[in-house]
Amino acid sequence: MKLNEKLLIALTLILALFPVSSALAQEASLNSGDTAWMIVSTALVMMMTPAGLALFYGGMSRYKNLLNTFAMTFMSYCLASVIWVVIGYTLAFGPDVGGLIGGLDFTFLSSITVKSLSGTIPTFVYVLFQMTFAGITVALVLGSIVDRMKFSSWLLFTTLWSVFIYCPIAHWVWGGGWMAKMGALDFAGGNVVHINAGVAGLVLSLMLGKRIGYGKETMFPSSIALTGLGAALLWFGWFGFNAGSQLAADGLAGSAFLVTNTSAAMGAISWMFTEWYITRKPTVLGIASGIVAGLVSITPAAGFVDLSASLIIGLVAGVLGFVCVSKLKHKMGYDDSLDAFGVHGMCGLWGALATGIFANPAVNPGGTGLLYGNPKQLLIQIVSIAATAGYTAVGTLVVVAITRFATNGLRVEKDDEIMGLDNSQHGERAFEILNS
Amino acid sequence: MKKIEAIIKPFKLDDVKEALNELGIQGMTISEVKGYGRQKGHKEIYRGAEYVVDFIPKIKIEVVVAANMVDQVIEKIRSAANSGKIGDGKIFVIPVEQAIRVRTGEKNMDAL
Amino acid sequence: MKLNEKLLIALTLILALFPVSSALAQEASLNSGDTAWMIVSTALVMMMTPAGLALFYGGMSRYKNLLNTFAMTFMSYCLASVIWVVIGYTLAFGPDVGGLIGGLDFTFLSSITVKSLSGTIPTFVYVLFQMTFAGITVALVLGSIVDRMKFSSWLLFTTLWSVFIYCPIAHWVWGGGWMAKMGALDFAGGNVVHINAGVAGLVLSLMLGKRIGYGKETMFPSSIALTGLGAALLWFGWFGFNAGSQLAADGLAGSAFLVTNTSAAMGAISWMFTEWYITRKPTVLGIASGIVAGLVSITPAAGFVDLSASLIIGLVAGVLGFVCVSKLKHKMGYDDSLDAFGVHGMCGLWGALATGIFANPAVNPGGTGLLYGNPKQLLIQIVSIAATAGYTAVGTLVVVAITRFATNGLRVEKDDEIMGLDNSQHGERAFEILNS
Amino acid sequence: MKLNEKLLIALTLILALFPVSSALAQEASLNSGDTAWMIVSTALVMMMTPAGLALFYGGMSRYKNLLNTFAMTFMSYCLASVIWVVIGYTLAFGPDVGGLIGGLDFTFLSSITVKSLSGTIPTFVYVLFQMTFAGITVALVLGSIVDRMKFSSWLLFTTLWSVFIYCPIAHWVWGGGWMAKMGALDFAGGNVVHINAGVAGLVLSLMLGKRIGYGKETMFPSSIALTGLGAALLWFGWFGFNAGSQLAADGLAGSAFLVTNTSAAMGAISWMFTEWYITRKPTVLGIASGIVAGLVSITPAAGFVDLSASLIIGLVAGVLGFVCVSKLKHKMGYDDSLDAFGVHGMCGLWGALATGIFANPAVNPGGTGLLYGNPKQLLIQIVSIAATAGYTAVGTLVVVAITRFATNGLRVEKDDEIMGLDNSQHGERAFEILNS
Amino acid sequence: MKKIEAIIKPFKLDDVKEALNELGIQGMTISEVKGYGRQKGHKEIYRGAEYVVDFIPKIKIEVVVAANMVDQVIEKIRSAANSGKIGDGKIFVIPVEQAIRVRTGEKNMDAL
Amino acid sequence: MKKIEAIIKPFKLDDVKEALNELGIQGMTISEVKGYGRQKGHKEIYRGAEYVVDFIPKIKIEVVVAANMVDQVIEKIRSAANSGKIGDGKIFVIPVEQAIRVRTGEKNMDAL
């Protein structure tokens, strides 16, 4: 309960007699500070997709596919933006139907007005904040499949996946669905965003098959500099992602902010040293990857754990991420192009478990983990992880099958793949630097 | 006339240019090339994917000179480009039948 | 009227007897939430010019002119910053003189203090917020004329144009001038910013003449990747632009935020599909352009229209923008280098009309459009558009004439234009990527 | 004292009888508007290091060292993040010990909870805000030494320097140490950040020696375009840096915001014209440098001076910066690669003096400068500058000596320096743009 | 057959290409090179560090033609590339002993 | 000695390199070039401005070999670079009069 609310309860009591009081009572609970913070958080999370992720992914994809990666990222966010206000929000946050999905009451946001409030902020802001999560989640998936997918197929996949995979899971966890009722802890999206996107990416990449020349040809990232900048912007935006998930500008938001930054820093440090030790060189790509690994892992835990937990979560994330992308992947032999599964899926999984282990009631009475005497929480986390992974795996399979049928084939022509998707799909080049 | 093509290490370019100036050579054309040879390339590892970069950046200098200057030029380039390490590069001599200056149409030696 | 104001009225009534009450009454109406939001909005809009627009425009200009585009953009903002605090603000927002211009009372912001308030925020913040609009407007103009204008001429043009063209129009619409009195609706700058800049750009490009080789030589954008990043940053900043124009962190700001994002997404989608259909390829440049088209169009309408209107406004913007830049321009044969007129002018015009059509009193009692039974509004919009376009066309003509005279000639030497302006004007290159 | 506080005092008086009142009294002073602003400020300052500074510095360093510059910048922030929460914060802001250093009470932020407040904001937010300053300060140092330092040495240097140099100085000025008691004025870090980093950079560069080929070979910046973008992002973030240092969203924050933007703009304008006049070409690098010079100079003064002072401060900064980097440096013959000393050290010095000259009690009763009848302030400023420079000079010397010993040698092998640090230290290249 | 190497100013490329098309030449290979010669380079100043850029961007056109076409080709290139200013470039003629089309294995004149 | 200049499609480079290795060729120099020929370029459209990109990215391989190896080398390159599609490229043979290794000063065959 926030300050001004208290103020107002108090006031309404005293001022019951004043004419203004009623007017006052109505919009009583809008808090301009919380609203300011949430509009900014939303803007920050929005920026993560077309700026942060486009650079992070674009810089890692081969030069001939850089713009295609941009195009897929941009359109993921654009399509999600429209889908969300039309149908997505209501499916995720409409009145609960059997714990599984939201009702259609808010289709086209009907019945939500400028005056509607969610907690202490305008409902419109809440809708948009949630929308930015839908937008980045589907965009994260493409990390597994750049360099080979037909643009048309991607657009259809994005549309179907947002509606049929993202919305239900968002409802389960945040929309009052069964996971919420079960008491699963996911502050800012370990399940909903990262495990979900990571597993979907893996499935999609398996169905697409490997890139031509994978394992044989050299596949240099087009620009580690752009990837580094992307990681920096993702970090910047992630403060909105995690601290914003408190939906208020208060102490818990500050705490989420603190652990988010700490975990990101630890992730970068541990990834770098692990890599340095194992492959003899600390790379900028490794540092950037470690930052993201740390951020992903702290996401579900941000509002529940304390500083010392965040140091451990980030530390483990850096090592885990490195092992997944540089060992596991090559052992398993799938072609998760930019490691959406290795980084987001696996570190999201670690974060979800860590939440069940480290959740400290002193930070947030809403969550008590194993270390604070509640082993049950860890169990709940495992169930929620399994359910999320299971649903998204099967669901994505179906969505991909439909997409393949509808766009006859998911993959670009062999020659187009060799020539590069920038040229074949978009008829453009990322840079035209010719001296004169 | 002969065209002398020298493939050298990029950081040696300034030295070679000055060496040629000492011979009073007023013009040359250079380009960025990549070389494959005895000099071992290094490996780069991106998230566990290991690539050997065996095409190494080099600079190719092309200078057309009178036949009688060839030996001097070769010698100058050699001493300037030489670091004593593998990969210092090669010098090739190729016959040139004509040279024309675009601006004036001057031919052969006058064109250089 | 915002919450805390209400609180305070109430309080001052009750507390009339308390010592603190008077102190209270004074700075009564500063709202820290609104202030927080407006400082951030201002920072976001500031970022749009040297980061967003410089990349968006720089990436579209030919490589040899990339830095010159940066230089013009940066200096537009720097000059506007200084001009605004010295004289611009008072011309635009000083006490109204005959509905035409502001008086000089606030020259050098004299008489404004740390304690001064505008509504619920410090006046200094309001001044800066308005300044960022002046800065980006003049920078937008250069989209019409990159690749050929003398840097010195640009600096003088910027200075004169900000004072004599921007300030009066800003006064008319936002400073309590005749358009405001007439009831013209322009929430965040359809007239003041986009139509104004677009028309000025067109005039300037006509007076400069075409680029050497225009229509004959290939003129490849230096980097679609940078342009894409620029569009993403513009989108991010535009939330400050539009939602910030409410000057408070409240429900209407949230609504403006919602329609802004929706229109941008729709603009990108519709531009992309139109292009795909007509030229067989969906380009990243098209997607980026569609985003901007959607943002421009919703700008005047942001605080007045509802979700469904924003879907239509963005949809039309994407198609309109595409047609203007890829058909109209080539028909007319002017050389609007980066389409400041085609995108900002024309989509700004559409937005201004759309505001008159879709303004929904349920969103904002301050505006009622054609569809809600007030055809007169559409008329008012048309008058305001015509007046803006007319004044800026003539005014720019004069300003350009003076500039040409003062800097003898507007255009760089033929050889300098061929060699590129980065080299001839600045003696620099944008990238020096040489392996060793 | 902020609005809501007043409200609450008032309220607690009246509501003494209500049950809620006590609960109210406790967390009474959290202000959600101030908190919103400070979280955002912190995020903005964080973004300055891995995004703004990495680009600004990376673009200036030679292409073969671009990623190494990124790596050093990223790790500076990551290490500082961890060091700060473990030990740095308590050394700087723990209970004062003899005016020299903070006590260890807050090691690992122990005893700080979600409910802890600093003024009107959560203590965690305050901790993080201060952390971002530690992070950028040490990163600024590397501007003096890019292109030649061993990565391992940099990591150790960063760690030692943050703890033994930054923390004490931060304590003296902001942690209630002797400079604070003496009445030194440093609103946002003229001493603590810029003079400190600049002098440390100079010392480190002298101990490292010049780059191979310095003064003989051409050393082209890898990308003025990236440097320009970096300057724009630094400017954007600097609003959090300076206006955020007020720790509240109020009129003084607005005033700091105003003078910051004005000084940056003036710095760019004056640097550009000085350069234009002296070297015949206005460069984008010059404009970008002028922006930073203006921002650095206004930093200590931001909360104390008025508009007209900021015009002068920025004007002088542009000229001074230009002279330092293009004349002084070459006269003295040290190799301050990217001019951390020339720009940050010297302009920070100017700003610290200017604060003593222009501090206007009408803006902030907390500071009265020479021009307002308090010559003593100027003296205090000089003492604080001298002390800061002296301590950091000697301290850095020691830290560097230890680092050299511990990492045997500070400098990369000759061949590695020639080949470039991206390749030799990290085994990466910044761009791999190869058409196919 | 002869290989004609022409070093020209970048902005002249289109003109030269068209000129060669007029001769019915169906193929050529170009590359970005940097040239050093009489044409003075410009200087660039970065924060007071002054560098003379004396390697100037040029385009190198390589076209292999029948011996009997050499003179026409030279003439065409000259007139197209000529701006009358220093730095317009050079044309060199180099003997070619064989030409093969990769796709078909056709030899010499048939390969062009 | 002869210099063999092969202009091939970029993605064929690895194959050609390996093919040459099989012949025991220890060195080569490559550069990025653009080719104009029968292979049609594609068009790019930027906001309605339509440009035909008829200079297509190619890789130029230069390898100097003993005269007696020329035919083998040509054959190897041909089979490796051949995709059967227009634009596979050309191979040209040019005389080389001298070769020198910068590092050692070795001459001709010893220099390769």
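We call the chains A, B, C, D, E and F, going by the order they appear; numbering starts again at 1 in every chain.
The rule is short, and it goes like this: a contact is a pair of C-beta atoms (placed from the backbone, for glycine too) under 8 Å apart; a residue touches a chain by one contact, two chains touch by 3 or more.
Since this is a predicted model, take the numbers as computed values, not measurements.
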Topological distance between chain C and chain F, in contact steps: 1
Chains touching both chain B and chain C: A, D, E, F
Identified repeat of the C-F interface (over half of residue pairs identical), from C-E, D-E or B-D: D-E
Interface residue overlap between copies chain C and chain D, same or different (over half shared): different
Of D-E and C-E, whichever chain pair has more C-beta contact pairs: D-E
Intercentroid distance (Cα basis), chain F paired with chain D, Å: 53
Interchain centroid distance [CA atoms averaged], chain B/chain F, Å: 18
Inter-chain centre distance, chain A versus chain D - centres from mean C-alpha coordinates, in Å: 32
Distance from chain F to chain A - Cα centre to Cα centre, in angstrom: 47
Junction residues of chain C - those touching two or more other chains: 4, 7, 14, 31-34, 36-37, 40, 220-221, 281, 283, 285, 418, 427-431, 433-436
Chain B, residues touching no fewer than two other chains: 11, 31-32, 44-46, 94-95
Chain E residues touching chain F - in the complex, by the definition given at the top: 3, 17, 26-31, 64, 94-103, 105, 111-112
Residue ranges of chain B in contact with chain D within the complex: 11, 14, 42-46
Interfacial residue positions of chain A with respect to chain C in the complex: 4, 7-8, 11, 14-15, 18, 20-21, 23-24, 27-28, 30-37, 39-40, 42-43, 46-47, 50-51, 54-55, 58, 66-67, 70-71, 74-75, 77-79, 81-82, 85, 108-109, 113-117, 121-125, 127-128, 131, 151, 226, 425-436
In the complex with chain F, residue positions of chain B that touch it: 2, 6-8, 31-38, 55, 58, 60, 70, 74, 77-78, 81-95
For the chain E and chain D complex, residues of the former touching the latter: 44-49, 51, 53
